[in-house]
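Below are the structure tokens for one structure; questions will follow.
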Amino acid sequence: MSSRRPKIGVYVCHCGINIGSVVDVPAVVEYASSLPGVAIAREYTYMCSDPGQNLVKEDIKTSGLNRVIVASCSPRMHEPTFRKTLKEAGLNPYFLEMANIREQCSWVHEDHAEATEKAKKLVEAAVAKALVLEALEEKEVDVIPSCLVIGAGIAGIQAALDIADAGFKVYVVEKTPSVGGHMSQLDKTFPTLDCSACILTPKMVDVANHPNIELMTYSQVEAVEGYVGNFKATIRKKARYVDVSKCTGCGVCAENCRLAGRIPSEFDENIGMRSAIYLPFPQAVPAKYTIDPERCLQLSKGKCGKEGPACAEACTAGAVNFEQEDELVDIECGTIIVATGYDVFDAARKPEYAWSDYANVITGLEFERLVSASGPTGGKPLLGRDKKGEGGYLPQKVAFIHCVGSRDKSVGNEYCSRVCCMYLAKQAHLIRDKLPEADITVYYMDVRAFGKGFEEFYDRVRREGVRYVRGNPSEVFKKNADPEDHTLIVKVEDTLTAQALEAEHDMVVLGVGLEPRHDVREIIDLFKLSQSTDGFFMEAHPKLRPVDTASDGIFLAGCCQGPKDIPDTVAQAKGAASSALILIASGKVNVEAQVSFVTSSECRGCGFCVEVCPFGAIELVDENRMGNIVKVALVNEALCKGCGSCAAACLSGAIQPRSFKDEQILPQIAVLGVRT
Amino acid sequence: MGDYKFAKDKLAEVVGALKDYEVFAPAAVGDVLRFKEVEDASSVSFDFKNTNVPPKELMFPETETLFKFRVGKTDIEPAVPDESKKRLVFGIRPCDAMAYTIVEKLYSWDYPDPYFEKRRESSVLFGLACSEPVPNCFCTSLGGGPGSEQGLDALMFDLGETVYVKTITDAGDTVAKAMGLEAAADAEKKAAAAQEKDALGKIKRSIDTEGIPEKLPSLYDHPFWEQFSDRCLSCGICTFLCPTCHCFDIQDEMEAFDGRRARMWDTCMFPEYTLHTSGHNPRPTRKERTRNRISHKYSYFPEKFDVIACVGCGRCINYCPVNIDILDILEKSKQAEAKEAKTA
Amino acid sequence: MSEEYEPNILAFLCNWCSYAGADLAGTSRTHYLPNIKIIRVMCSGRVNPLFLVNALQQGADGVLISGCHPGDCHYLEGNFYARRRFMLMRKLLEHVGVDPGRVNMSWVSASEGAKFKEVIDETVAKAKEAGPMDQFRRRQLNW
Amino acid sequence: MVDETILREKAREVLARDDVRRLIGWKRGTYGYESAPAVLKDASQADELIFDPTCVQNPASFITLEEKLPVPRGQDPDTRKVAVLVKGCDSRAVVQQLVEKAYTRDGVIVLGVPCTGVVDRRKAQKMFGDTSEPVMIKEEGDKFVFIIDGETREGPRAELLADKCVRCRFPNPLVYDELVADEVAVWGADEFADVDEFEKMSPPEKWKFWEEQFSKCIRCYSCRNVCPMCYCLECVVTKQKPQWTRRSTDVSENTAYHIQRAWHLSGRCIECGECERVCPVDIPITTLNRKMTRDVKELFSYEPGVDVEAEPLLSCYNPQDPEEYIM
């Protein structure tokens, strides 16, 4: 194939008017047809369309083209498309070369003449490279029919269940002692107001009981290696100091814990209290207790009371085991879904709202716990309770503040968190529900009620007598020093009436936004993900590959990719699941064909490439060179990712990445180097 | 032919007088001497011994384009040197001039080489006799000498104040006249003769070439070559700087779609020289290559053209970084041959 | 001539960050100078520093190598090697008399379309300042 | 001071071993101020060996120059050791060749020759003129004593030392199996003043300088071939596919060649100065290598050819590598 004389077909795409309106396509076609090896040069409105692709296929079949150049959009967009086209026409897909005359020409240059000249050059360079392209053999590797899901919030749970239901093995790794994630902390969900726990807990239980799911809570991924279809992950199961096989979840241990009710509960956003040995929340899955090693006297101080740990004493099942150690588990999986979720914005970073100073300034998530029937106050929005959780008062004048930590350059978050508008509306409704007399004000910049049923819900809330004031409060402070007086002043300008207000409230709820997790860096390093400017994980393509990552076989689900509400999260989770299932179900995947190879007769065996290769894909092996035994480099094609670092390190050019060989790049330089 | 002279301080005027000639003379870049076309006649000087790069490049440039082409097109654009203008090679040493007479035997052999011949024909050679030979000169061993006239159209003797010019051919005489030189007296002729005699005495090294061409082939497989080849760098110094080495390579030089076919100096000391497309190399090591260099000069060439392809300019000895000394090799070859003869 | 002279810039962009960044500049219709011609490689680590020499010889007035930010390399380490290599090659070329402004390198991530434009502008500006790089061009013309 | 009788004795012993193929050292040249490299194969030749200030060549170059010949069927390849005499500077080549796996440590026998400096042929020629007789040179205190064509001449050491010796920091071999003489005191220091000086020029001035120098180049490749670090089976410079540089000689191609050469030696050049010594047209080649050596030291605090365990400079990196110019 490659030995045959090059017969090149050049196809210049108008892309509607995207290219045609700037680049003089006919001129480019004419120029192309004058170039060596070019047998056919055509233009077409949409090369990526079926008729466009058929054009290529026809020419390959009828005129025996053996090289194809498509001058259109970025190869990152349609290279796979046209590779497929060639394949279907029986031509090796690696005889395709693309000239990016849209993203890097017509869309970025105003001067039509210059843009056209550049387009010609880009096509010429493509021809120069096409002349020396080679057929590459696509290799298949088996896909281990399993998936590793990182994070067991609603996204992870949903993805895991879908893949497990399809009949494949799933490993779910959750950092905290229980699955459920943030959704389990919520009271009601907007706009339908169904109880979050009621819809989530069944799924939580399914995850725990599903025959195809191996659930590892209180665990973390330690290391990942391998490639699509064949990942190896090491998972650290942190010591619970409780033998889960014995623990019945009765809770006697927690009652007897010397620190019972003295430790702020993370699940309750520190409003409620827990023991050192604890269950994060009543419906936690698995319903197994965990000892907090930082707080537990026995583990942190090495001594618990005079007569030793009370929990162990109390546990009739004898499940408590202070000798327990972390356990490392190695698993193999074909695909990975990252669903690590988000952190809520830390209100302390907006000191003007005095969240750190006053107990009656709380975040939206704290509010969720406060009004949750399973929460520390049994669902009553009680403020100002004492240490034992006694007493407290019910607020009468409640304020909600939008966009705390979102759409706010001052804290580095330019993006909208997409959920705050609606959860604040929901929370306003809940207050109205629980305190019919209360005076409720919402301070907002804009209300974005874009989702299904959102606008209707927003209307309803306003009809329920919730006041919406358009203004971004500048300050929240206490009216006076009197500890008995809880009155807060919210300083704000009503931008509709252009009035400066100093409104009095006795409860302020901050609509804190969503942020990338604090430990996002670890995950990035672990899975080699990239970040978008907002800090969330970046998808392979914002439109067409929203759940894929740059690394084959690794997918994204939920808020780790960007703020989402529950339905969107579930939708994306299902998307990620089906993407993973495509690999798992087909059982095979093509590995990189554009890998490096060694011309051993030119290799001097210095091993520079071996040391450079980030994937350990190259080794020095003995070669019999006319009777002399010499060392030469050898590439492991399954491990090689085709980055080509080896080629730049090699002094003699003995190692080269296919499709990006020196002799394929130098002609491009020769063409593009010449000043026009 | 005629005898002329001119005052040395008039050198610039003498050279400048030649309007319709391209004049080439030794020019210095740093310490390095090479023949260059004279732009400013006053830059011409006799204050040099021998150019680092021999003037063979005037007839046989390091690189010259044969033709240009474009990929996929069949028509080519040949490049033949335009030598309509007469050239004067001014101050060439007798050994280098003699080298021309050897090289042209090859270039006009089975078919004439237009590039070389055009240049050779249009060139008039004004030699400059040697008064101070360089250390490893051995021209006298090869029928040359400080005052040898072979290949020259005129020979100049630098007598200090004046320069004595002896024209050898009509072409030389024409140029001398064009320079407006005055006739020389016997004094100059005598001085010149004396200088030549003195110079001859200063040539320290020599080799008796008697029998070498006939006997070298018998040493084809003799290990003595390794005494030298083992330290050979396979570089091109000895051959590139040799006035009689004339090998060239022809390469296509590509620019994406445009290319030229050019020929450039090549040397039998490079491993690539005899490398076949198959990957086989009949001269795989420095031993074969060293042997070939010597044998070609002292055996194969004389066999074909009855003249040893060496003029004893000493460049290959002077510039070899690892002291591979052609005279030493020839001496050792004789000893080796003698030993062979005895044992046989 | 320097006034009218439009420098010709060759850019080697890594497929995953910088080439994607250039695409983003396109999708967001960020206009920049057409002086730049892009050659796509999989990783900045692929770019053999000798490509620069060749580019300058072919007539480029400036070169740009762009890759992922340190630590973000799709191939983990490629850009670290590239950083070393080009730091040195730049020094070498400078020593031979090539204006250092002709050798540029940048980290442009897939999300930095705007930065890509800035990089181009600066690269072109520097090459303009350095003037045309004629003295190194292969002598095609007087072949 | 090296006692040649001891040197020859040790060499004889080594050559007598049947696991030794050849020994590389120095012998008297046929003329002039430089010795000739000696490649000996038989103990009887040991007496040809010399060591004095004429012994400028780097014997390590000749280890990698030896061709690996096809082994006839049924025969075993010749795996006998190569013995080599090295000065301090030469030994750095051995170290770097080991770093780059050119051969294994037990494949070579290194006889170390502590050295007090060698004479620069060009400097001597300027001072005393040419000769077609081999010159004898002895070091006496701060003088070199020459015997030229039978008569004795003297010259100040400082003015006749090869440049590399003036700034020599490694007069004693860094790797050896045996020293043939006692170690000598270090006298040199290297501040790279020459590089700083050169860098005072503006880019156009530099280019002009090199344009003139490179225009002299006849591409004989002696600088490449003599380099102990240049031993690729196929050099990119002479490669036809792809054609990085063209064989034709013009300023552009010559410049490209010299850049490529200097580039491939950056982080590898061990400063033996052979490239410049052998140049038939006196191109100051080491000026490029010196620049790289200096920058490699400054930017990455790396020095090639001093540590057998070292990683090759461009095959490793430091996340904190400098990047001041990167946008």
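Chains here go by letter, A, B, C and D, matching the order in which they are written, and residues are numbered from 1 within each.
By our rule, a residue touches a chain if its C-beta (ideal position, glycine included) is under 8 Å from a C-beta of that chain, and two chains touch if they have at least 3 such contacts.
If you're wondering where the values come from, they're calculated on a predicted model, not measured in any experiment.
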- [ ] Point out which chain occupies the most central position, where each centre is the mean of Cα atoms.
- [x] C
Task: Interface with more contacting C-beta pairs, comparing A-D to A-C - done: A-C
- [ ] Calculate how many whole Å lie between the centre of subunit A and the centre of subunit D, each centre taken as the average of the chain's C-alpha atoms.
- [x] 56
TODO: List the centre-to-centre spacing of subunit B and subunit D in whole Å, with centres computed as mean CA coordinates.
DONE: 31
Open item on the list: Please tell me the distance, in whole Å, between the geometric centres of subunit C and subunit D computed from their C-alpha atoms.
Closed with: 36
- [ ] Hunt down the residues of subunit D that sit against at least two other chains at once, touch-wise.
- [x] 69-70, 236, 243-244, 246, 250, 314-315
TODO: For subunit A, write out the residues touching at least two other chains, lowest number first.
DONE: 601, 612, 649, 662, 666, 670
TODO: Please list all residues of subunit C that touch 2 or more other chains.
DONE: 49, 54, 57-58, 77, 81, 85, 138
Open item on the list: Residue numbers of subunit D touching subunit A in their complex, please.
Closed with: 68-73, 75, 77, 100-102, 231-236, 239, 241-244, 264, 311-312, 314-316
Open item on the list: Under the stated contact criterion, what part of subunit C meets subunit A in this complex?
Closed with: 6-8, 10, 15-17, 19-20, 22-23, 25-27, 29-32, 34, 37-43, 45-49, 51, 54-61, 68, 72-78, 81-82, 85, 109-112, 132
Task: Residues of subunit A defined as touching subunit C within the complex - done: 74-77, 100, 102-105, 107-111, 114-115, 117-118, 121-122, 125, 528, 530-533, 538, 550-551, 594, 612, 614-615, 641-645, 647-649, 657, 660, 662, 665-666, 668-670, 672-676
Task: subunit D-facing residues of subunit A, complex - done: 601-609, 611-612, 620, 625-631, 649, 651-654, 661-663, 666
Open item on the list: Residue numbers of subunit C touching subunit D in their complex, please.
Closed with: 49-50, 53-54, 57, 70-71, 77, 80-81, 83-85, 87-100, 104-107, 118-119, 122-123, 130, 135-139
